[in-house]
Amino acid sequence: MAEMWINMGPQHPMTHGLWNLRIKVDGETIVDAEPEVGYLHRGIEKICENRTYTQVIPISDRLCYGSSMSWSHLYCLTVEDLMGIEVPERAEYIRVAVLEMQRIASHLMWLAAYAADLGAMIGFIYTMRDREIWIDLLQALTGSRITYNYPRIGGVAHDLPANWDRDALRACDYMDKKLKEYEDLFDGSKVFMMRNEGVGILKKEDALNLGVTGPPLRASGVKYDLRKDQPYSVYPEIDFQPCYHTDRDCYARYKVRMDEMAMSCHIIRQAIKKMPKGKWRVVAPRNGPVGTGLGRVEDPRGEGMMYLVGDGTDRPYRLKIRSPIFVTVSAAPKMLIGYKVADVVAIMGGLDMCIGETDR
Amino acid sequence: MVARQKRTMTGEIEEAPRRVDGQPEESVIRHLLDMFPSTLTDFKKVRDGLLRAKIERRDLYKACKTLRDILGFEHLSMISAVEYDDRFEIVYHITSYSKGLLVELITTTPKDDPSVDSISSIWGGANWQERESFDLMGIKFNGHPKLERILLPKDYVYFPLRKDFKGGG
Amino acid sequence: MNLFQFCYGLIHWLVDLINNIWYWLGDHLPWWFGNFFTDVGDFARSHAHIAVMAILLEVLIIIIIALINVLNFIWLDRKFMGRMFDFYGPYYVGYRIGGWLQNLADGIKLFVKEIITPAKADRIGFFLGPVIFVGSSFAALVTIPLGWDFYIGTNSGPTVPGVYPGVPASLLIAFMFFAIAPFSILISGWSSNNKYTLIGGMRSAAQMMSYEIPMLLCVASVVLLAGSFSFHGVVAAQHDIWFAIPLFIGFIVFMVCLVAEVEIQPFDLPEAEAELVEGWTTEYCGMRFGLFMMTSYLRGYIGGALAVALFLGGWQGPGFIPDPIWFLTKAYIVFIIVEWMRWSVPRVRVDQILNIGWKRLLPLAMLNLLVAATLKVWGVF
Amino acid sequence: MDLKASGTDPSVGQVIAFKSRDFLKWWDGVFEGVLRRSPVGSGVDLVTKDFFNWATRNSIYPLHFGIMCCALEMAVASAPRFDAQRFGVIYRSTPRQCDVLLVNGPVSKKLKPALRRLYDQMPGPKWVIAMGECAISGGPFYNSYSIVPGVDQFIPVDIYIPGCPARPEALIDAFIKLQKLIKENKKGLLTGK
């Protein structure tokens, strides 16, 4: 068969969102690849310039539908950096607990999509079932299932509801049990291992050069976690280890995320236990100063960054958002070339695409 | 980030082991100032782990090459283009994993000639970010392998993030 | 009384009933007109006419049973999947009978839908694909007997020792028709003029090539032990012990090959949903797609029936249960096990499936054949 | 015959195909269309109308097409907790086998032609559900430079689900509303009445 280009997207079960992967195949082997994004470009950076600082928070929620909490948190972090606001300690702990919950929910969402991609429908169903527990907790806290609008500039919107911490601890215990079950379900499956091991190898040098961050970077053997190495919020006071793996393939990415889920449960327990009493919010000024602010967090998908320029009014002058997946997906050809068409789903699924933040 | 600085100074936080020399910022500053004495200005340590410097655009490529090859900054985090009344600023956030540092390099271009050298041959991760800056802000990156629109349709004619574009938001 | 005798008797009774009219007309009309009706009656009473009609009736009965089974299978599949997945499966359509009407609704809806032929498709191939697929599957179906007396055949008299009733060499015919379907998949995949369907068709051809051989080797071992190419002979040879027990390796290999042949989950590469949108059915819509869907389950039914007949003792069981019911029960159990595998295992890759076929299953099938030959030489069977 | 108009040398296959189409046209004019317009057609419709309508409304296949936040809720709706499969809702990946186009997010100007094409590829009868504020009116991005404010600008929409994002219950409710809609607009297959 001669070489031919195949368009996978914008509507394709592999994409989990709106993007287009053009692959050139020789028979079943990929010889060239070219991702194409932008189908969900909403101009969020322009919209933010015409909103006040507070009004941007709901918009930043809609940046990434997989983990909206971490993006609104990142935005609040950036504005606090610009304004020089000190956040009450209780708010920081609440934020950490909630962020880790969001991370678990996001990784479960990823696992569901990944399992469905590989054909194991049962993985999709079980992970979606357990994701509901975390969604319920977040819903009890914020009243919404996906876009929470919970962090505020200078704290969080409101205090924890009654018995929420008890439920969160119970959910952690439940999750520990379920993680073992997933391990049996996936690691114990010969076919799953066949599909993952040795597929989509991304060398350490390539990963560094191409700007890959987050779990794919840590799966390539770089032990770098912003929560540990450039700590923000109260992460320095919490005992945890960044999860990494040296196999560099799809299985390593899967394993890193599984370990991160267990680690997140660990962090939630600590955050809830260490949470002090007190205020959960300070009132932020309406107008920001002239200057720049920089926020940097470890999103579930990688390094999320925001660069904010204030001009003294109540609106951001310029808000630049660094999306981890936008950079990571540009490294896709490096991983795809030389593998089979069927490996596209494993490799691209292993990156955890979230088009909302990619296209902005 | 007042709060965070205070906490790191008073709390019983262990410093990351790779930061034992205490002054990785100083060595970076010294090295860069030695290399580019005239074009590198306004060097400033904003807070622990964050440096800021301005560099003229003719030395940008060389400075980036120095940062990666000699000083060990492996990762280009972000390229942001900001439009001011009289100039464009292109801000490069460059990370060193081994030193735990973040350098903010700011390059200025005049309004009528928004172009800088492309650094996508140094960091492959810069490729798409430069395309994005070209797409939304209209900055031209000289020597970029494929400088065309990425987020917007190919036949779009405006640069929407410029301030004179009133098209929405 | 076997199925043919039953059909023959039924047709005979019907013909006699209607012949009353012809003969009455022949008696009461003038001869130049009435003789015609008498001739019609005589022709209708002739053995040739009744036998042909009886065979057609047999085919109709077998196909109706198969279609009811397909509806049951789809329902069972979805219900079983639902229970595995912590939900109900189809529930509200046909509420009283556990959502059984859902498949009927799906089928009727697909019947009502518009049928589109893509502008650049090869029209003849696009049309012939479903026809060959459905036709060959039904042709394979009608050779499989559901019981000692429940089959399509004509030899109604006492059988000669050593000659079994039913279609001669029915085993070979069944496998021949069963193996045609991948060609129709290739035809429809190519003529849809779509890259996904093309890849799906190619995969299907490759898969068939590599799995047909071990499967037929297993069948050969069964045939060797039974000494007959007829389903009746194979089942009769399992009177003492099921072939699944001495030929355990062969049974496993056969089941794996069967799953690959009917394209069920771990080996459903031609319609791999994640990478090839819907595989080779991507461009098909309306009832053509419905036929594909129905026939793929029908092939599941055929596969279960083949496994039961070849390895699991066919219809032999406790005497008080009628043969067909016993046979179908076993086929259902085989199908459920296949579905169980389907919903819990990820999909393998195309190079891996070929590896499994050529490097694992083929040697195992050879080994199995060796075992069968040894047993035969020792005189165990 | 438009064989010459196509410009290429017609193969045997094409000739037969064109002939079969012409035959169908002739058959329609001579027999089928006559029957359809006669009382026979309306009689058949009267008998089968309810049956076909029952089947159509009880078997809804939406297109597996995720755009933004609501796509997650679409996935959750088919997961155990909300379980849209009870109503016979199965997601198909190709537009050729779908009845419902579920637009669950903002439609950018880059996506607009692709979405319109997806809609055109679906066989009739087909329906469109606009899920979430973004699909209804553009939502929080209504005045953005790259968003089409509402999918009904270029595709006819049957059901609107408000919510940002709409909850899975709302999606299931929309399917039930769609069933009611189909039941109300009962049409015969032959006469179209």
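Per-chain residue numbering starts at 1, and chain names A, B, C and D are given in the order in which the chains are listed.
One rule holds in what follows: a contact is a pair of C-beta atoms (placed from the backbone, for glycine too) under 8 Å apart; a residue touches a chain by one contact, two chains touch by 3 or more.
Since the structure is predicted, the reported quantities are computational estimates derived from the model, not experimental observations.
Where touching is counted per the definition, the chains common to chain A and chain B are D. Across the assembly, the mean Cα position most removed from that of chain B is the one of C.
The mean-CA centres of chain A and chain C are about 49 angstrom from one another, to the nearest whole unit.
The distance from the centre of chain A to the centre of chain D, each centre being the mean of the chain's C-alpha atoms, comes to 34 Å.
Computed from the mean C-alpha positions, the centre of chain C lies at a distance of 33 Å from the centre of chain D. Work out the mean CA point of chain B and of chain C, and you get 67 Å between them.
Among the residues of chain D, those in touch with two or more other chains are 80, 93, 110, 143-147.
Counting partners per residue, chain A has 12-13, 38, 41, 43, 46-47, 125, 129, 359 as the residues that reach two or more other chains. Counting only residues that touch two or more partner chains, chain C has 85-87, 273, 277. Pairs of chains meeting the touch criterion: A-B, A-C, A-D, B-D, C-D. Those residues of chain A that touch chain D in the shared complex are 10-13, 16-18, 38-44, 46-47, 58-59, 62, 65-66, 68, 109, 112-113, 124-125, 128-129, 131-132, 145-147, 355-356, 359.
Those residues of chain A whose C-beta lies close enough to touch chain C in the complex are 1, 4, 6, 8, 12-14, 28, 115-123, 125-126, 129, 189, 191-192, 194-195, 340-345. Listing the residues of chain B that touch chain D in their complex gives 152-153, 158, 160, 165, 167-169. For chain D in complex with chain A, the residues that touch the partner chain are 63-69, 71-73, 75-76, 79-81, 93, 95, 105-106, 108, 110-111, 114, 118, 140-141, 143-147, 164-165, 167. The residues of chain A lying in touch with chain B in their complex are 37-38, 41, 43, 45-50, 80-81, 84-87, 206, 208-213, 222, 224, 228-234, 236-237, 294, 296, 303, 305, 307, 309, 317-318, 320, 322, 326-327, 330-331, 359-360.
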